[in-house]
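What follows is subunit A paired twice: with subunit B in the first complex and subunit C in the second.
Presenting the complex of A and B:
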C-alpha cells in the first residue's frame, strides 16, 4: 500500500517535471513563430488602418482611420474599388472552377487508374508530373502554348479550321485564333486552364491514396449483394471516400484563395485577370501603398478564415472524440 | 570515447568557422562603395560594367561592389535598399516624379556640395540642372537622356511608296496602305502597358498641347475634361484603321519589336533604347521621325526621359559615393556612354562631332521641340501612373467597346483622392 502511494507520488512528480520540458523546447520555435507569423499578422491589421507608403515612418496611433476599408468596399458614398470588385469576382470564379473541374476529373482519373489497366503507372506519373514543376515554369510553358500567332493552341485551331473549310465549304477558315492571355475576357479562363492542368494530378493522387485504403471486405460485400459498377461507386465507394473529399474540397478552396503565382507570371500587370493576392501585391509593391495593401491582405485573410475555421473546428471536434 | 571526441571536434570546428565568418563580416570596415543598377538590357549592362571596370582600374584603393537587377524588379526593390541602414551608396534612377518621391521622403542625399565641388552647375545644360534640383538643392546626377519617336523600317516604307507620316491624315493613310500590303502598320507590346502610355502622352500633347498634358500629369487638370476624352477619340481612329498589332497584350515591348525585326511590322513608337534590341545587320534599316502633328496650333511636345544616379541618405560610405558619382557624372563617363550606347549627354562639354547620324538626329529632334516631358509614369505620381496604365490597358483591350467615359471617371476619382492625400501629407 505504502509502496503504491510512493510510486504514485513518484509518478506525479515525474510527470510534473516532464511537463516543463516540452515548453522549454517549444520556447524557441514559439518565439520565432510569434515573431514571424503572429506579430506580422496583427501588424497587418494595424497597417491596414494607416496610409503607410512603405518608406516613411509608420504612422502613429493618432493617424488611424478606416479610410482604406471605405475605399475598398465603397463605404460612405464612395463606389467600391473597381479593381477590388474584379479581383474578388475572379477569386470566386477561380474557386467555383477549382471546386468542380479538377475535383471531378481527379476523381475520375483515380477511379480509372485504380484498376489494373495497362500502363496505369505511366499515366499516373504523367498526370502527377505537373505538380513537381514550379508555378513559374507552368506559367511560362502555358504562355508559349497560348501565344496568339505561333503558339501550339492557335496553330492547331487555325489549322483545323482551314482543313475543315476545305472539306465543308460552308465553314469559313479562321485567319487567327483567340488572343487568350491578351484578351481580357479570356485571360482568367486561360490561366485557369493552366491551374486546372496542375490541380487535376494533385486531386488524383489524393483520391488514389483514399481508394487504396478502402476496406476490401466492404467492396466484396457490395459485389456479393449484386451492385453494378455505378451503384458500387455511388453507394459504397464515394461515401467511403468522404473524408478525402472533404480534404480535397478544403484544399481546392484554399488553393483558389491563395492563387497568385500563375497570374503574376502569365499576366504580370493583369488588371482583368487579377485575383486578390495580385491586387494586394500591386497596391503594396508597385503603388507604394502598403496601408491599402494591408487592407486587402486583411480582407483576404478574413475570407480564408470564414472557410477554414468551420473545417478546423470540425476536425478538432472529431479528433477529440478519439 | 573516440566517437565523442570526433563529435566534439566537429562542433568546435563548426564554431570556429562561424566565428570566423561573423568576424569577417563585422571586420569589413574597408570602405567599399556599394552600387546598385537596373541596367539589365544587354547593351546597357555592357556599358555599365565597362564603367565600373574603368573605376576599379583607376581607383584600386576604393573597391566597388556592383550589382545589376532586372529593370522592373529594381523599381520594387529600391525602397528596401533605401530604408535599410546601412543602405547602398549609389543607385541608378529616373528623373522626375520618381526621384521627387524619394527626395520628399528624405531618402536621397543632398548632392549640392558635389555639384559645387565638380563645377557641374557650369557644364551641365541648365534644363538638366533644373531637373536635378528640388527645393534649391541638387539630389540627382542626370547623366543621359534619350528621345521617343516614331521608329520605322526604311525598306518596308520605301517598298510601299511611303515616307514617315507627318500629319494625322498621313498616319491613317499609311496604316491603310500597309494593311493592304499585308504588313502590320504599327507594332506594340502592351503586356506591360507603359508602351501604351507613350501613345497617350503624344496624342495628348499633339491634340491639347504640352501645357495641358503636364498639368494633367501634375494632377491639376481633370481626367473628365472633354480634352482627355478627345485623346481616346483619336486613339480609337487608329484602331478603326487597324493600325496596331492585334493581341498586343500577349507581348512585352521586345516581343512587339520582334515583328518589326522580322519585317512583319513597319513602325513602333518607342524610346531610343529600341536599337539595343535590334540585330546588328538590320540596324541601318531603322530610322525615326517626330510623332505626327495633329493640331498645328499647339506647341510641339516630346517625351525625352532622363536617367541618372543618386546617393542614399543612409549611405555607409558617403565619401566614396561622392567620388564615384563625380566619376559617373564626369565628361569622360558621359562621352563613353554616348559613344557606346548612343544616349545623349547632359553635359555641354561632351564632344558630339563623332556622334552617329541617329544621335545627331535625336539631338535635333529634342532641340526642335517646344516642350520636353519625361514620360507618363515619370511625370505623374506612381499611384496615378498605375491607375492610368491600367486604364490604357483596358482601353486597348477593346478599343471599340471600351466605356471611355467610365474609365475616365474612375481615373478622375483616383486623381482627386491622390491629390487630397498629397495635400494632407503636406
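Presenting the complex of A and C:
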C-alpha cells in the first residue's frame, strides 16, 4: 500500500513536490518513539514541577512550583538534600574511576593484543566475557566474592595476613577481613570493582577495532623514521586513535550516569552507596514522591546533556560535510 | 626508501644488525609481559572460577573447609537441580524469551525501516530526525522511568509482557536506527537507482535490495540486542510485579531474598540464567564484537 501511493506520486508529478515514501517508512517507528521516548522525556520535566505521589491524579497546571528543585539543591534558605549530595558525589566518583581505570587498562590490553602475542584470542575472551553477563549476575557473583567470612576476597586477605604473621612476628594476623558491602566507606568502591571488571573488556574491544582500522602505512612511515615503541605510541598511534578515545570517554561518562543495577543488586538497602538513579528510585517507588523523583531525573539528564550536546554538535559537523 | 635518507644517514645499519639486538631485548620483555598478562587474566577469571566452584559445593561444606580447601569428593550437581526445581528458574527463563524475541524482531524491523528512510531519501527532516535518534541513544533512561510507568498503568499494560516488549522496542530503536542508517549510507547509489529504473516500488527496494545488503549489520545488531534486552533488569523491576511474569534478571535478584545464605544455590541459579547469552556468545562471538564496535565507527 505504502509503496504504491509513493510510486504514483512520482509518476504523475514529474517534478516531485513532497516525497511521501520516507514518511510512510517512518510512520510507525516515529509514532512509537514519540509516544514512549520523546513524550516521557518532556513529561518528566512537567512532573518535576509537581508534588505527584504516583497514585492520585497528576496535579494540574495551576499547581506547579519549583519547590522540588529548592529542596534538592537547598535554595531559599534550606540545606541541600543530604541524600542528593551523597548520591551525586557517588556518581562523580563513579565517573572519575570510569574515565581513568577501565580506559587505561582497556587501551593497554588492546595495544598488547594487537601484536602477535601467543594466545591473544584466549586472553581477549577472558577480558570480554563479563560483557555477556547481566548486572544482576555480576552483582550476585561479586557479592559472594565480598562475603565477609567465607568469600574469596576475605579468605585471601585473612590467609595472607596469617602467613605473613608467621614469617614476621610483628604482624598480628587478621581474624576477619572488612565487611566490604556493609561498610559505609567501602561499599561504593566494592561495587566499582565489579563495574570495572565488566567495563575493561568493553573499552578493550573499542580500541582493538580502532587499532585494526589504523592505516599501516602511517605506522610503517613512523617506524622508518626511527620511532621506537613508546614514542610510536605517544606521537603516532594515540593521536590516530583520537576518534575512538572520544567515543570511549563519552561512553564512560554516560555509563557512569546511567549506573543503577549493580548498586540496586549489591546494596539493596542503599544509603551510602546510592547513585542518583537509586536515590530517584527510592524517592519515587518507596517514598511515593514521584514529583521529587522526576526532579532527580531531570538533574541527571541535565548532567548528561553536558556530554550529549557537544558530541551531537561534533557529529553534526562531520555529517553535514557531505 | 628514497625519502628516508635523513634517518638512514644517522645509523645506516644493515637490516640484520638492527633486528638482532631488538629481538633479544624483546624476549626478556616479552616474558615479563607474558607473566603480568597471565596474572591479570587469572584475576579476571577468578569471579567465574569462584561462581563455578561454589555452585558445586554446599554451604555447610564451604563454612567448614573455607573457600580454598574444597572437599573435592563431595562436589554435587544438586544445587543446579534445586535451583531448577525450587527457584522457578524455567519459568523466569521462559519469560525472558517471551519478552526478548518479539522485542528483538520489532526493533530490527522498525529501525531498519526508519534507517532506510533516513539513509536513502533526501528530505528536510532527514538530518534532524537522525540526530533525534542519536541523541536518544545517549539519554539516561531514568528520565523515562516515571512517565513510562504512568503510561503503562494508564494503558493497562502494567504487569504484562507487552509493557516490556514495547519499551524495549522503543528504547533500542534509537541505537539500531543510528547504526543501520550509517550502514545503509554505504550501499552504492547505482544499485538502488538501477532497481528504481526497473520499476521496483519503494517497499521492494527496501525489502529485497537494501535489507539483504544490510544483513551483516543486522546480524551484529541482533546478537548484541539479544544480550542487552535479555539482560535488562531496570524495566523488569519497574513494569512487572508478579512472579509469573518476571524475566530471569528480576527473578535472580529475588532469589537472594528467598535463599539468603545459600550461596551455592544462588550461584547455580545465576549460572543457569547465563546460559542463553553464553550460548549466543559462543556461537556468534564475531557478531557480538562487531555489534559493540558498530556504533563507534563513525
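Quick notes
Keep this in mind: the second predicted complex is superposed on the first by the 304 of 322 C-alpha atoms of A that agree within 3 Å, B and C clash if a C-alpha of one lies under 4 Å from a C-alpha of the other, contacts with A are read in each partner's own complex, and residues count from 1 in each chain.
Going forward, contacts are C-beta pairs under 8 Å (C-beta built on N, C-alpha and C of every residue); 3 or more make two chains touch, one makes a residue touch a chain.
None of the values given here were measured: they were computed from a predicted structure.
When the two complexes are overlaid on subunit A, subunit B and subunit C sit side by side with no clash.
In the superposition on chain A, contact of A:148 is made with subunit B only, not with subunit C. Residue contacts after overlaying the shared chain place A:82 against subunit B, while subunit C stays out of touching range. Shared-chain residue A:22: touches subunit C; no touch with subunit B.
Contacts of A:244 after superposition: subunit C is touched, whereas subunit B is not reached.
Within the superposed three-chain model, A:205 lies in touch with subunit C and out of touch with subunit B [touch as defined at top]. Of the two partners subunit B and subunit C, it is C that touches the larger number of subunit A residues.
Draw one line from the C-alpha centre of subunit A to that of subunit B and another to that of subunit C; the angle between them is 90°, to the nearest 10. When the shared chain is aligned, subunit B comes close enough to touch A:184, but subunit C does not. Of the two partner chains, subunit C is the only one touched by A:36; subunit B is not. Following the chain A superposition, subunit B and subunit C show a smallest Cα-Cα distance of 5 angstrom. With the contact threshold set out at the top, residues 54, 147, 149, 285 of subunit A are in contact with subunit B in one structure and with subunit C in the other.
Residues of subunit A that touch subunit B in their complex: 51, 53-56, 71, 78-79, 82-83, 146-149, 176, 179-184, 267-269, 271-272, 282, 285-289. Residue ranges on subunit C touching subunit A, taken from their complex, read 4, 6-7, 10, 30, 33-34, 37, 41, 44-48, 50-51, 54, 62-63, 66-68, 110-111, 113-114, 116-118, 121, 123, 126-127, 129-136, 138-151, 166-167, 169-171, 173-174, 177, 201-204, 206, 227, 230-234, 237-238, 248-250, 252-253, 256, 263, 266-267, 270, 273-274, 277-278, 280-281, 285, 288-289, 292-293, 295-298. Residues of subunit B that touch subunit A in their complex: 72, 75-76, 79, 82-83, 101-102, 105, 107, 191-193, 246-251, 382-383, 386, 389-390, 393-394, 397-398, 410, 413, 417, 421.
Those residues of subunit A whose C-beta lies close enough to touch subunit C in the complex are 2-4, 6-7, 19, 21-26, 28-30, 32-33, 35-41, 43-44, 47, 54, 58, 112, 117-118, 123, 125-137, 140-145, 147, 149-152, 155-156, 159, 197, 200, 202, 205-206, 209-210, 213, 224-226, 243-244, 247, 250-251, 254, 257-258, 260-261, 264-265, 276-277, 280-281, 284-285, 290, 293-294, 296-298, 300-301, 304, 307-308, 311-312, 315-316, 318-320.
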